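Some structures to go through are shown next.
The two complexes that follow have chain A in common; it is paired with chain B in the first and with chain C in the second.
This part shows the complex of A and B:
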C-alpha cells in the first residue's frame, strides 16, 4: 500500500498494480439505468483477463423502479456469489441515494464512484400534508465517496441517449483496474447496443480522463482509513466537480409562510347531496346530523378542490391560509357548526 | 443451434437450459415464475423449433401433465416452475412417481429463500421426499449444467421423474460453464399400452405403490456411492455437511473445514454421512431454510448441529454463515469484514407500478369506492403499497376469486367485495373459482386486469395471447367470452386509460346483484410493443400541489425541487412519462397537458415548461 501524506494535499502519480489477485465490485442503481449491462461489461473485461468471475443480482421485482444491486467477484477461484458487507474494493453507483445505501458493502479503504444523478422515488414524496422529502443531500459526501456529476462530465456524449452518461463511471473505474483501455473498449463494443456505441465510448473516455481525481480519491481513502473507524464519517470529498447543496429534509416549513388548505362550507347552501363526502380522495368530509357537509378531518386535506369543483350548489371553496391562522379558520368553522346545530332552520 | 451468449458467464437458468438442450431434451414446458422464468426463454433462444417443442403452459399442473405425456411417448422432457408452482403441480407429481416415465423427465423447482419475489419461502426438498423422487441440488452454473444431464439419466434408469432444485442465487448468479454438445437422441415417439402401469385405478395403483417403494430402495443404494456427493477432507476438527449455494458460503468463510457436499439430497446418502461423521470431531450442517438434512442425519443417530447456529428464515450469505460459525465457536469473535453503519437520510425505494401502468386506475377507483379487495399474484399486487393502498388480501395464484366468494357468502354487506386478477393468473387458476362464485350466487365483482401478457415475470405469452414463446401465431382465448360462457350476465370491457369510464364500470358492476365481471383491457406498457403517447407536462402556474396526480404513484411525477420554496409544484419527467394521460384526467386544476398542447397553447406556456426554475420564481 502506498504511503500518502494526507496533509500536503499532493497525491503521487500512482499506477495500479500489474496484476490484482482478486477483487469485489458492487454496481448499484435504479431499475432501468443499465446496472446489469454495466456489470456484464466489467465481467467481460475480467474474464478476458483470465480470472474466475462470479456475478450475482436479483431479477424480478427490482425491474420496477426498485433498487438494483449487482455483485461481481473475481480471483483465481471464487466461491460465494455475493460480496459481503464491508468487503467491496469498489462501488459504482448510478444514482446518489443508491450509492449511499450501498456504502455498507465498501471496505474501509475502498472507493465508491457515485453519480450525483437523483432519482427521487415516489415513496419519498408522498406525504400529503407536510410535503417533506426524505432523500439524502448532495452536499455531504461521505468518506470514501467520489461524487461525480456524470451528466456534466459526459456532456454531449450523452446527448442522444441520456443513460449513456453513467458510462463515465466505468471510465473512472477503469483507472483503478490494471487492464488496458483496449480491453474495455472491446467489451463496450461487445455489449452496448449499436445506436449508443459512439456515445458510450466517448463517455468512457471522459470518465477515464478523470484519472487524477479518481487516484486522489483512492489515495485519500487509503490514507484516512488507517485512523478513521468505518462509519458514516463525513469528510470533505475529493470531488471532481462541484456538487450543489440542498437540505436533507426539504419542506415548505420556515420558508416565508406555510400555507395549508381549508375547505370553507357555506352551510345554508348545502343540501346534503353527499357528493363531496363520497368523492373526497382523502375522506376529509362527513355529513353531520343535519345532513350538512362538515370539514371533519382537516389534517388530511391536500387542497385538491375536488369537493368545490363537484358541489352542485357551489357551497364550498378551498382556501390556502397561513398555518399560524389555521386554528382560527377551523375554529370559526366549528362555531358555525355548533350554532347551526343549536338553531336548526 | 443459434448461439447468442456473448458472455462466457452463464446464469444458472441459462446453464440449465443449455444442459437440458445438450442432454437431448425435445419437449419443454412450464409456467413463468421468478426465479425460474429464464430457463425456457433461454432454451428457445439456443434451440430451433424443430429440435425442441417449447411453450408455456396454462399453469404448473398442466405443464407437468404435458411433460408426463411427452415422457410417456419417449421424449426427454424439461418442466420448469418456481417453488410455489410445484404446489399446483403436486397432485400430478405424487402419482407420477407411481406410473413413472419412459423418456427422462426433469422438473426444475426454483426456490426463493429470502422471498425476493415470492409469497413464501417453502423448502421444496420436502416435496421431492414426499413424492419419493430424486432431488438434485447444484451449487453453481457448471453444476446445474452437469447435474441436469445426470438427472435425465437417473430419470430413465429408475423410471421416475427427477426434481432439480435451484435457488434464486444459483438460478440468477453467473459463473463459468464448460459445455459439451447436444446429444441427438434418435427416438421415434411411441406409446405402448400398459394400463397396469399408466391407469391408476386402485387395483393397479396398489401394485405400483410397491414398485415405487422398491425403487426407493434401489435409489438409496445408488446415491450412497454417487460421484455427485463429494467429500473434501481438510481439518478433522470440524466437518460440515452442506449442499447447493451454501457450499460456496462455507468454502468462503471456513476454507479449512472438511466438507461433505451432497449433490443428491433425496434419498440422503446416509452411509456416506456416517463415514464422514466418523472422520471429524464435530459435525455441522449448513443449509438454507428448513433443517432438512439436519433431521435426516439426526434420524440415523448421529450428533449434529445446524439450525441452532444458522437461521431458518431468509437466504444464507457468506456474512450470515460467518456469524453462525462465530456463534458456534468455530470462528473467533469479530471474524470477517466490518461494515459501515447506514448513511442517515437514505429512504426506502420500494418497487412501484411502471409509468403508464394500466393497473393503476382500476385500483385508484377501488380505493375511492372503499371496496374490500381480494387481490392476486402479479404486478398489481404492488397496489397494496402506498399510494394506491387498495388491496386487502393476496394468498396464491388464482385465490382472489375464491377468497372474495368466501367473504361475500359470509354476509359482509357494508362494503363492496371485489376480486382483482390478471389475465395470465385468471387463465392459470381463476376459472374454476369463477364457476364456483356463479354457482353460489355470490354478490361480488371480479375485476380482470387484462394487460395482454404475463407481466410480472417479464412478459411471457399465455393461452390468451395470439403468439407463442417463439413468437409464432397461436390461437388466443377470449377472456370476456369465457366469463359469459361460464354464466356471468354482466361482463363489461373497459379501457383503464379512460378514468371516468373505469369508475363508471366499477360502480355499475358493484350495483349489479350476483357476480359481475369488469375486464380492464390495455396492453402492458412494457410489452414487446411499447405504447407511448405524447409526453405530458405540468403548467406550473396552474398547479396548486394538491397531489391528486401523485395518488397514481407514477414514477414520472415528482415534486419540482425548483419550486419547493414557493407554494408547491409538481413536475413530470419527460424521459419517464409514457403519455398515458391518467394524471391529466385526475388533475382538478387542469394543470397537466400534453407537451403538444402546451406548445399550441401559447409561447409563454412553452417557455414555462422548458424552464421550470423560472416558472417557480415567477409565481
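This part shows the complex of A and C:
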C-alpha cells in the first residue's frame, strides 16, 4: 500500500471545492499498462486541489501480465485506503475483462470508463481455445458504462508509445471531475516520462473531447436501473473456406510422394516474441495483430525448421505433408494467413 | 440497447481449438498426456500439456533449451517414466514443471542435494538436474562443487542467463563485468564465475558449455551428458530478455539470439557505447567463451564406490 499524502489528521491547506466533497476511484488494468502511473497522476491532481488523498494498490502479479488494481480515495480527511465494493464513484479500466471484473465496486449511479483493449492472460488460454476468451456478459447493469476503444480515440498520439492510448481514459475522467484542465496537464507534466509527454497530453485532450459521450453515460447512470443487453461478445467467425495451393514450384526431386512443409503453430502458446519472424530465412512468418505468429507465406517455406527449433514457446512444428493433403493441413492456419495478408506487420 | 462503444467494438476473435467439446475421452486423455496436435514432433509428447503455455517471458531462451532437452530425451527414451527431473528455484527451475517426467521442485540452491539422495535411493533412474546460475552457483555453489567431487551419476544442466531473472534482475555471480542490473546501476565491477571450469576443477567428469542459439549442438551435448557415467555438467547460455536484455538495451529475444551467434561482439559494442563511468575499471567485455565439450574423463562414481551399481557398466 502506498500512501500519497502525509497529512493524516491535519487540516488540508486549501479548502476543497464545495461541489465535490469526497470521492472514490478505482483504476484497474493489467501489468504494464500504466495503472499505477495513472492513479498517481489523478492523486496529484487531487492533492493539488487540497484534498486528503489515500491510494492503495495491488500489483503483485503485474510482471506476469496479471491484474493491477489501484484505489484512490479523497476528501477532507481520509482514513481507510480501500474502496468498498459498491462505493466507487468512478472506475477507470484499462482492460476490458478487468473492467468487467471490477464493476462490483461501482455505485449504482457511478460511471465506469472501460477500454476495449483486451489482454488475455496465459492462464486463460489453458482451455486451448485459440486466443478466444468468453468475456462475461454484462447482463443487467444498473449503471453507466462507457466503453472506449482507446487506441482508435488516441490515434497517432499513441503511435510512438502504445501505452499512451490509455491516457484517453483519464481525459474522459477529467470531464467528470471539477478540476481545470491545467491542473491535469501539470500533473501529467510532473509524472509522465519526457519521451511520452507530448503523446500523453494529446491523448488526454482527445479523451477530454469525448465530453458529450461521458456526460451521456453519467446521465444514464443517474437514471434508475435499466436493462442492458449483453455487451460485445466474442463472436465465432465463419470458417474460412480452404484455398487451393499450387505446390508445383516446391516439388522435391527424387521423392516419390511429393511432400511439402507446413509450419503448424499452436496459437494459444505463442507469445509473439518475434524470434521466428526474425530467424526465418525465407520470411514465411509474420505476427498478426494479436502478436501471434502466422504461417503467412507457405509457398516460400523450405522446411528448414529454424522456427520450430528456436521457438521458446514450443508452439511450432514443421510437418511434411503430402501435396494432395496440403489444403487440409493448411486449413488450421488458413484463417490466420488470410488475416495476416490483409494486415501485414 | 447494446453497450456504447466509441469508435469500434472489440475485434472479433475467431473460435478454434485443439480439443473439440465433443472429443472422446481418450482424445482428451491423449491431449493431457501431451499429444498436442496431429503430427506434433516427438518431444511435444513429453510436455504436460495442461500446464502449457509456460510462464516464461516472450523470447526467453529457457524455452529453447527445454525444447532441445526434450528432443534429446525423445531420441533416448520412449517414455519419461524412468527419468527424474530435479530443479531448484528460479526461472530455469520452473521449466521442469512442464515436463511429463518424475519431477521434483526443491528448495533454493539444493536441487543437487535432493538429486543425490534420489539417485542413491534409485540408482536405476536417469536423474537430470535443472538449475540456474543464481540457484546453482550462488546459493547452491557449494552443493555444485561437492556433487562434482563425489562424481555421482547425475546430469546437471545449468541455465546461465547472467542475471537473477525471477526476482527482478539482480546481479548474479555470472553477470559480465560492466553489465547493468537492478543492483549494479553503475555497471558490474565483479568478475563472473566460469561455471564449467569450476566444475571441472571440482572433479566433474563431463563438462560442456553450449548456447541456446546453437540448439542442435546443445541437443547433442545433452545427449552425450545423459550417456556419460559420472557427474555431467552442461552450462547453457540463454538470454534473459526482460532484465538482462532490456536493462542493457540489447534488443528483443531475436537480437539476443543473434548476438550469441556473433560471438558476443554485439554485446561488447553495445555496452561499450553506454556513457563512460570512471568507477568501472574495464569496459564491459563478455569473454568469448569456449563452447562444446570441455572435459571428459572416467573415474569411479559414487554409486560404484558404494556398490549400488556394478562398476564399469
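Worth a mention:
Following the convention adopted for this analysis, the second predicted complex is superposed on the first by the 185 of 345 C-alpha atoms of A that agree within 3 Å, B and C clash if a C-alpha of one lies under 4 Å from a C-alpha of the other, contacts with A are read in each partner's own complex, and residues count from 1 in each chain.
Following the convention adopted for this analysis, a contact is a pair of C-beta atoms (placed from the backbone, for glycine too) under 8 Å apart; a residue touches a chain by one contact, two chains touch by 3 or more.
Note that the coordinates shown come from a computational prediction; the quantities given were computed from them, not determined experimentally.
In the superposed pair of complexes, A:315 makes contact with chain C only, with no contact to chain B. In the superposition on chain A, A:116 makes contact with chain C only, not with chain B. Looking at the shared chain after the overlay, A:303 reaches chain B, while chain C stays out of its contact range. Using the contact criterion defined above for the overlaid structures, shared-chain residue A:266 touches chain C, although it does not reach chain B. Set against each other, chain B and chain C touch different numbers of residues in chain A, with B touching more. Of the two partner chains placed around the shared chain by superposition, chain C is the only one that A:148 touches, whereas chain B remains out of contact. Using the contact criterion defined above for the overlaid structures, shared-chain residue A:84 touches chain B, although it does not reach chain C. Across the superposed pair, chain B and chain C both touch chain A at residues 64, 122, 125-126, 128, 131, 133, 231-232, 279, 309. Chain contact summary for the complex, chain C toward chain A: residues 1-19, 31, 36-37, 39-41, 44, 47, 50, 52-64, 66-68, 213, 215-216, 241, 252-255, 257-258. Residues of chain A touching chain C in their complex: 64, 96, 116, 118, 122, 125-133, 138, 145-149, 152-153, 210, 213, 216-217, 228-229, 231-232, 234-237, 264, 266-275, 277-279, 289-290, 308-315, 317, 319, 321, 332, 335. For chain A in complex with chain B, the residues that touch the partner chain are 30-31, 40, 43-44, 47, 52-67, 78-82, 84-87, 97-98, 100-101, 103-108, 120-126, 128, 131, 133-137, 142, 162, 190-191, 230-232, 246, 248-252, 255-256, 259, 261, 279, 281, 302-306, 309, 320.
Residue ranges of chain B in contact with chain A, taken from their complex: 6-9, 34-35, 38, 116-117, 140, 168-169, 172-176, 245, 248-249, 251-253, 317-319, 322, 336-354, 368, 379, 382, 386-387, 456-458, 544-548, 550-551, 553-555, 557-559, 561, 564-565, 567-568, 575, 588-589.
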